[in-house]
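Quick one: the structure is below, questions incoming.
Per-chain residue numbering starts at 1, and chain names A, B and C are given in the order in which the chains are listed.
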Amino acid sequence: MSFLEVIDTYWLYFLVGPYPKGPLGGLALTLVLASLGLLLALPLGLILGLGRVSPWAWIRLPITALVYVVRATPLLMVIFWAYFFLPSVTGIKTDQFATMLIALVVFDAAYLAEIVRAGIQGLPKGQVEAARSLGLSYLGAMRLVVLPQALRHMLPSLVNQFVATIKETSLGYIIGLAEVSFIATQINTLVFTLPSQIYMTLGLTYFILCFGLSRLAYWFERRLSQREKPHLPARALT
Amino acid sequence: MTAFDLSLITSGPYHDMLVAGLKLSLQLLVVTLLLALPLALVVAMMRLSGLRVLRSGAWLFVEAIRNVPLLAHMLFWYFGAPELLPEATREWLYAHNYEAVAAVAALTFYTAAYMSEDVRSGIRAIPHGQFEASRALGFGFFRSMRLIILPQALRVTLPPLISQTLNLWKDTSIATVIGTAELMYQAAKVETETFRSVEAFVFATTCYLTVSLLITGLAVTYQHFFPARAV
Amino acid sequence: MIKFENVNKWYGAYQALVDVSESVDKGEVVVVCGPSGSGKSTLIRTLNRLEPIQSGSIHIEGKNIHAKGLDVNAFRSRIGFVFQQFNLFPHLTALENCTLAPIHLRGLNKAQAREQAMALLERVGLAHKAHAFATELSGGQQQRVAIARALAMEPPLMLFDEPTSALDPEMVGEVLTVMKSLAKDGMTMVVVTHEMGFARDVADRVLFMDVGRVLERARPHDFFNAPEHPRAQQFLSDIRSPFATA
């Protein structure tokens, strides 16, 4: 069949997989998995990030070690550990979606921890000094002064991390999760004669999604730096 | 769950399989690095060139590659690209270990796209005055780059490049998906044959962590002896 | 009210404060001056424990500020500190900067805190800028808000670390005016500054420091007209005529 016929036949399958006759798949699954993964990873990443900058070594050192180990491991390795190892440890047989979600949350949390750390340490030291001088405690200063500013500055990095997570969902392929790359391969197996076009379409899909989002991050960054510019009137004030 | 059996991975056929996998992973790393670095340099130069065509072309190259996951790149190179070649070449490739070649192709373009951004940032970090001074002395664009800009840019660029090398090392694991018999593939194979997931994956994880540690150690040593100096 | 007894402080091998023993009475305005690197900023920062000391003791209102079991945060909330770099919180308006601590630390409700903060902003001449953010204010305005923020906690003691050094010259006056009025109202103040005019007009005493030591302490009149220590004489002549050769 020609490529146009392929699109005509399989476009819905590409977008949502076997749903509603089966579980959700395709591009929709990719998006759901990425969104859920990042959303769940955020609170964990925030806690780990705070732990990374903690002034108490008994918190800081183990968390730093944990973050380093996760970041030095390929995501695929984390997925395999979750897939092969978790069922025997917890006794619960997790399906591919849950396995992938757990792996993504753990993996992304470690990367988010570094983003949070950079955001906190990027604030001028004077902010913390002013907050402590007023009498705020370490946690009070963190909650009221440091984090509100740091989180705002982190927004472009967070969007970039979301883009990365979308790309990470593709690894679900290897454990048989029916995300969009897996669906594309299934279609290719059925059609067989048009692999380059099918895979280029897959690439284009990711490109539109990820490129669009990274433009958003860029826009965030521009808006952020504009807000920070002082708006002084032309004449000196009394 | 039966007890952890270290002997399974320290000797015998499964040990050999895992070591062979590790070897191939390291080969993928080195070959890709050797190909990606020059490509990254070329792309970075194109991004900084005066010609709009070159600048836009390089920009498109980088954006198209970075916004597509490596897995999709691998699938394309292994399943999609040979279709564009004549039949005979295709047959030959598939018979001669094309998995590794496709993996290297995917990894090279993917890594080069990221590295070119780091090189470009490094070059842009050098104050424009350096370039102006060099041109004022009479050096052309390429001589200025070679003698004045790039040597300075190297110090700034090396840390992010080493960071990309770390990513590359981890990315070699994705070659599993097209059947390349690297470390991850072998670990999964051992698991399938022996049902002992823990030993195989401990070996693989240790390898990944160790090499990551070595690469990071390299970065720390370099930064200790050659810190980035501002004028 | 404040008592330094044999205070010594090191940054690694470098000694920043050498055997400092001084006292400040309630209601006094003390100006600390000296060349850069003399330790004057360090000295004032030890008072609210932004900097630790290695030996000696500091007592404020009769209590040792390094005593075990002392609640550092409660202690700091009773001292107002004004920074050279203002350090206003950019994500809050001027009003919110002044209500943050009273609401969270003194248990005021929103309405009470707002009322008090507006009164303070009025006092420093910035009531009309209550809802502006820091980036919308000039340096002088930011520093005045910073003073109001410190005053919102009703501290018995105010510390100023070079409050006008980061300001453009035409804005220095508006800040010094606020500080003068505070002094007139009887606030105990320790001020590190280069503004000799302020010292002459407002201070009760001047402390001159160099290389970590207090070399001279005198009434302003005596200090400016007849400094005793040779280093102080050098310092004053450098300030007055920087281009004069010996």
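Note that a contact is a pair of C-beta atoms (placed from the backbone, for glycine too) under 8 Å apart; a residue touches a chain by one contact, two chains touch by 3 or more.
The structure presented is a predicted model; accordingly, all values stated were derived computationally and were not measured.
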Most centrally placed chain - per-chain CA mean versus overall CA mean: A
Distance-maximising chain from chain A - centres being C-alpha averages: C
Leader among chain pairs (count of C-beta contacts): A-B
Whole-Å gap between the CA centroids of chain A and chain C: 46
Interchain centroid distance [CA atoms averaged], chain A/chain B, Å: 22
Gap in Å, rounded to a whole number, between the CA centres of chain C and chain B: 55
Residues of chain A that touch chain C when the two form their complex: 124, 126-127, 129-137, 140, 144-145, 148-149, 152, 227-232, 236-238
Residue ranges of chain B in contact with chain A within the complex: 1, 63-64, 66-73, 75-76, 79-81, 83-84, 166, 170-174, 176-177, 184, 187-188, 191, 197-198, 201, 204-205, 208-209, 212-213, 216
Residue numbers on chain C that touch chain A, as the complex places them: 48, 50, 73-79, 81, 83, 85, 87-91, 100-101, 104-105, 135-136, 138, 140-141, 146, 149-150, 153, 170-171, 174
Chain A residues within the chain B interface of the complex: 69, 72-77, 80-81, 84-85, 88, 163, 166-168, 170-171, 173-174, 181, 184-185, 188, 194-200, 202-203, 206-207, 209-211, 214
